[in-house]
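There are two complexes below, and they share subunit A, which is joined by subunit B in the first and by subunit C in the second.
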Partner chain A sequence: MQTRALPYLLLLPSVILLGVLFLYPFVLVAWQAISDDAGQLTSAHFSEMLGHWKFNTAFKNTLYLTLAVVPIQMVLALYMASLVTGMKRGRDAFLYIWTIPLGISDLAAGIIWLSIFEQSGFLNSFLVTFGINEQPETFLGYQNKGTIFLAIALAEIWRATAIVLVILVAGMGLIPKEYQEAAEVFGASRWQRFTKVTLPLLKPSLQTALILRVILAFEVFAVVAALGGTNLPILMGEVYQWQFVLRDPNVAAAFALVILGISILCTLVIMWFLRTPKGATI
Partner chain B sequence: MAEIKIKSVARRFGKVEALKSIDLTVADQEFLVLLGASGCGKTTLLRIVAGLETASEGEVWIGDERVDRLPPRDRKIAMVFQNYAVFPHLTVFENIAFGLRMAKLDQNTVDKRVKRTAELMHIDPLLERYSGQLSGGQRQRVAVARALAMEPEVLLMDEPLSNLDALLRMEMRAELKSVLAESKTTTIYVTHDQVEAMSMADRIAIMNKGEIVQASDAVDIYRNPSHRFVGSFIGNPPMNFLPAKPLEGSMWSVANLQLPGPAHPSNATDSQIEFAIRPEDLTVGDATTEGAMHVKVRVVEPLGSHLLASCLVDEQLFRVVLDSDHPITSGDSLYIKPMMDRIRWFDAKSEHVL
Partner chain C sequence: MNVDGTSSAMRWTFRVSILVLCAWVLVPIYLLITNTLSSPEEVVSFPKKVWPSFNLESISFFINFAGVGQALWNSVLVACVTMVFSISAGAPAGYALSRFDFRGKSFYRVLILMTRAFPLPLLALPLAVLYIRIGLDDTILGLALLHTMLALPFAVLITYSLFSGIPVELEEAAWTLGCNRFQAFYKVIFPLVLPGLTASAIFAFVISWNEVFGAAVLTIEHRTLPAFLLQGLDQAPLHLKFAGGAVLVAPALLFIFLVRKYLFSMWGIANR
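Take a look at the complex of A and B:
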């Protein structure tokens, strides 16, 4: 009896802390999104959000950005992790260098890429100095939505691939070498070993990395703010706009709930998609 | 044709010499058993033949092809790993089918071969399970089935039956042997188990500390060990050894006996050669028996089919196999006479037979 209760008892403090610091504010925000000042249930805030011309754009931009960034990050990280795992020497050095962007805040990352792409930035100086362009270009001007999107995607890939890499390297390190060897003896090519052995055995790590990245991609904010200002509306940017510029916390809360909703949905989809078959222990 | 030739293969791990210049030829369709103590380099040798490990020196040939630069998948081998390496993310069926799928065989053939090998290894009721749902012995049989399903020309097995109970092991080893003889496979089979080695092998190669000390058929290995190690390793209990002192002519003094032996080495001094005899190659006499050795019994172990008496001669351990109904207890004296044609002599320095 005592021993059965013990784990729960030990978990209790963290549960209370989460409840106070997460669940309670969450309930407040949710309530804010669906109630008016008089404390009555209302869908007015959601209607206002959905009716606003920026909602669709922000929703689509966020989705597109996620779709553009996350798959590239996963593929890149998988490739880099395979390289690092296969290394006999110097793997730590490569890992350290590749994970440097992890130590930089997202706003700082945005500013770094801004200094590359802005009108007086590195890219323009380069192009003008070498005579490729006569005049500096305004890559990030409001008429260049495509370029802004590209710059943001680039900055995000640069900034956040490392976290996926770290998770996957740890995961690959846990796969015993003997499975690769068995696959090799039984005729699997390099690529087949990767797809038939490494990937399936890496599922738990892939799941973690993917969920983490997708959720963070939905919450992208500072990099977009630095590179696009308000030229490329995204969901998190709208939360900020409504909360602090338009001073309407109710609609801001509605936006926040939308982000939460799609995060949960995606998490469930990923978990289902990368589930391990019943009975298999990986 | 899949003859395996291993030429002067050596393998060092840093300072550790795991293999010291191994020369071994396994004839086409031969069943060769590698037998040796733990850590003597059996797995390392097998992995070099498989291509999972590179030799520091030497060549490996399979058939007419030199393979030591080829990747494992181009060597036409199948292997049973000592640690099984059964894929945890695949069912038993898919595990057994793995190599067949890589070889792009059609579904019909795959089904047939998986079914047949699974039945052979008595794991056909487990085909839909995952390796996490199997016992160690079941997992091991999956590993064997996966290799057999390949119907390879060369089959490498690293202690494939080590985890089975005695009865199942006996059954499996008979089935394995008959299947492999039928399929004309060249097999290298690693085991710790002497009985297994003797019962299955066309030829046994005894390994010691990274060297092959003798490779021959079971009877020859048992009767005529070429090396002291073989005598002390093979047989349960193993051979008895006693130091021999040179006398006149080619006579040697062993304990209280005077025995004819090999001609004296030119620089003969005390204890340079050893007398050796198997515990069952002794006849029991009494105090009056001519040419009998006097030993003191320390421990008697009744083993059903026989008694095993551990005795002392000149403070040296000397084991004797006796009839089960021999009346004897510890402390007794025993007079035993070695069968002259079963006596072997070893050089104490080089440990080679004389």
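Take a look at the complex of A and C:
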């Protein structure tokens, strides 16, 4: 029958959803950012955004946070993944424990680290009980931007390293054992096997993980809201502010386009930088 | 491997690293639970005890707090609708990708993979405008549609890997025995993929359950739990936040435990 039409029929629901809820809205948000109420092209929303005193701070904070969090996550996840491959017993149990944060929302992660960093929290209790500090500190007060940043970075590393770990463990599972064995036969040390065999073959997974993490890092929102309130402006927080508090969806859309722009730019850079040469796949 | 000094030192670093990393993941969760199981006075007292007093005042205060019950119910509703939508649109696509070669297949795959290179929560902004126009603003259905968009790429990729794992010969055997395509799928393939389908449905549930930004932008009266908590962040008392955080975390933990096996097959295939 219809066998020719069948695959298209099966794809149809998801294609409709993608078209109506993904492609069209992105056109809409772009239009919202560059047009006024009368439907004329305007750059007013962008100049309002760029002229606002918080824009530069939010942009820098988001960028610094990404630069602080993502490299640590990649290294930590690589280390965890190589520990997992070295395990003989208990592999599944440890993997489950390490992937627990995968199920925890960014808001919940923020609240979890709030219990540690707030003024009557566990860190202060620890420092005072052991006589390191005499008074509890206001780590998350507006005058302590440095510790707010640190708390957010820790919460992000804690929460989102798991997704990188899962991608890398899955990727390592695809590398045939023979390559490792061959390298061992030729006298490669553990470290050499890691850098000369595992890392190059893991490139596609590293690429996927890096793209995903960088994009998620640009979208960071609820962790910052829970730990920093409005003391540490970030891009996604500004989108929310303009949409809800200042009630200017056009400027919010302009912010959204900035996030979209840097996300796409970073995706392209990472794809080019970690490209796999033709014919070098497993 | 020989049992000399260096290799035993390495074994110890190996063990210690594993334990430290487990503590790094588990201790913060434990501290949240301690706070949740302490009375409101204990939560703000100083210095804080590391053991919970198993006082249920905080949690009962949270459950009885105005709006929490409704928010919880909304969260469950949105997550269930998301689950149904993403599986019923994603599974047929996954099946088509695994069983047919057709024009536009690679384009479709690129489209699905492309969604991951976009900050999807931002979709909430244009959808807010769109929904007001078509009367879907501040509704369960509207939010569930956004969450479906977040979960759909995963549903397609997981079901694609599931169906690819089942030999097409099984289906062909059923055809020769007189089943039509639909019967063969329903009687042979469906029972085999059911556990995997359930896993990807659960995954869709967790994505929706945890989503904050879109829920906060798209709903006003019909807040889900994360949106409700976010709204109250600057004025809510600490014990309310901690109890809310714990309620948010608990089901997600259980669900991730249930689908842990599929996490890896999903990302394995998603890499290619």
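Convention: the second predicted complex is superposed on the first by the 269 of 282 C-alpha atoms of A that agree within 3 Å, B and C clash if a C-alpha of one lies under 4 Å from a C-alpha of the other, contacts with A are read in each partner's own complex, and residues count from 1 in each chain.
Note that in this section a residue touches a chain if its C-beta (ideal position, glycine included) is under 8 Å from a C-beta of that chain, and two chains touch if they have at least 3 such contacts.
From a predicted model like this one, the values you see are computed outputs, not experimental measurements.
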{"item": "Three-chain arrangement built on subunit A, subunit B and subunit C clash or fit", "value": "fit"}
{"item": "Which of subunit B and subunit C A:Q32 touches, first, second, both or neither", "value": "second"}
{"item": "Touching partner for A:V239 - first (subunit B), second (subunit C), both, neither", "value": "second"}
{"item": "Superposition-derived comparison: subunit B or subunit C, residues of subunit A touched", "value": "C"}
{"item": "Touched partner set for A:L18, first subunit B, second subunit C, both or neither", "value": "second"}
{"item": "Which of subunit B and subunit C A:Y96 touches, first, second, both or neither", "value": "second"}
{"item": "Which of subunit B and subunit C A:P277 touches, first, second, both or neither", "value": "first"}
{"item": "Superposition-derived angle with apex at the Cα centre of subunit A and sides reaching subunit B and subunit C, degrees in steps of 10", "value": "80"}
{"item": "First, second, both or neither for A:A183, with subunit B first and subunit C second", "value": "first"}
{"item": "Which superposed partner A:S205 touches (first subunit B, second subunit C, both, neither)", "value": "second"}
{"item": "Nearest Cα pair across subunit B and subunit C, whole Å", "value": "5"}
{"item": "Intersection of the subunit A residues that touch subunit B with those that touch subunit C", "value": "none"}
{"item": "Residues of subunit A touching subunit C in the complex", "value": "4, 6-8, 10-11, 13-15, 17-18, 21-22, 24-26, 28-29, 32, 79-80, 83, 86-87, 92, 94-108, 111-116, 118-122, 124-126, 128-129, 136, 158, 166-167, 169-171, 173-174, 204-205, 208, 211-212, 215, 218-219, 221-222, 225-226, 229, 236, 239-240, 243-244, 249, 252-253, 256, 259-260, 263-264, 267"}
{"item": "Touch list for subunit B against partner subunit A, complex", "value": "50-52, 71-73, 77-79, 81, 83, 85, 87-90, 98-99, 102-103, 129-133, 146, 150"}
{"item": "Residue ranges of subunit C touching subunit A (in the complex, touch as defined)", "value": "14, 17-18, 21-22, 24-26, 28-29, 31-32, 35, 43-48, 50, 85, 88-90, 92-93, 95-96, 99-100, 102, 104-105, 108, 111-112, 115-123, 125-130, 145-146, 148-149, 152, 156, 181, 206, 209-213, 216-217, 226, 229-230, 233-234, 238, 241-242, 244-245, 248-249, 252-253, 255-257, 260, 263-268, 270-272"}
{"item": "Contact set on subunit A toward subunit B in their complex", "value": "176, 178-179, 181-189, 192, 196-197, 200-201, 203, 276-277, 279-282"}
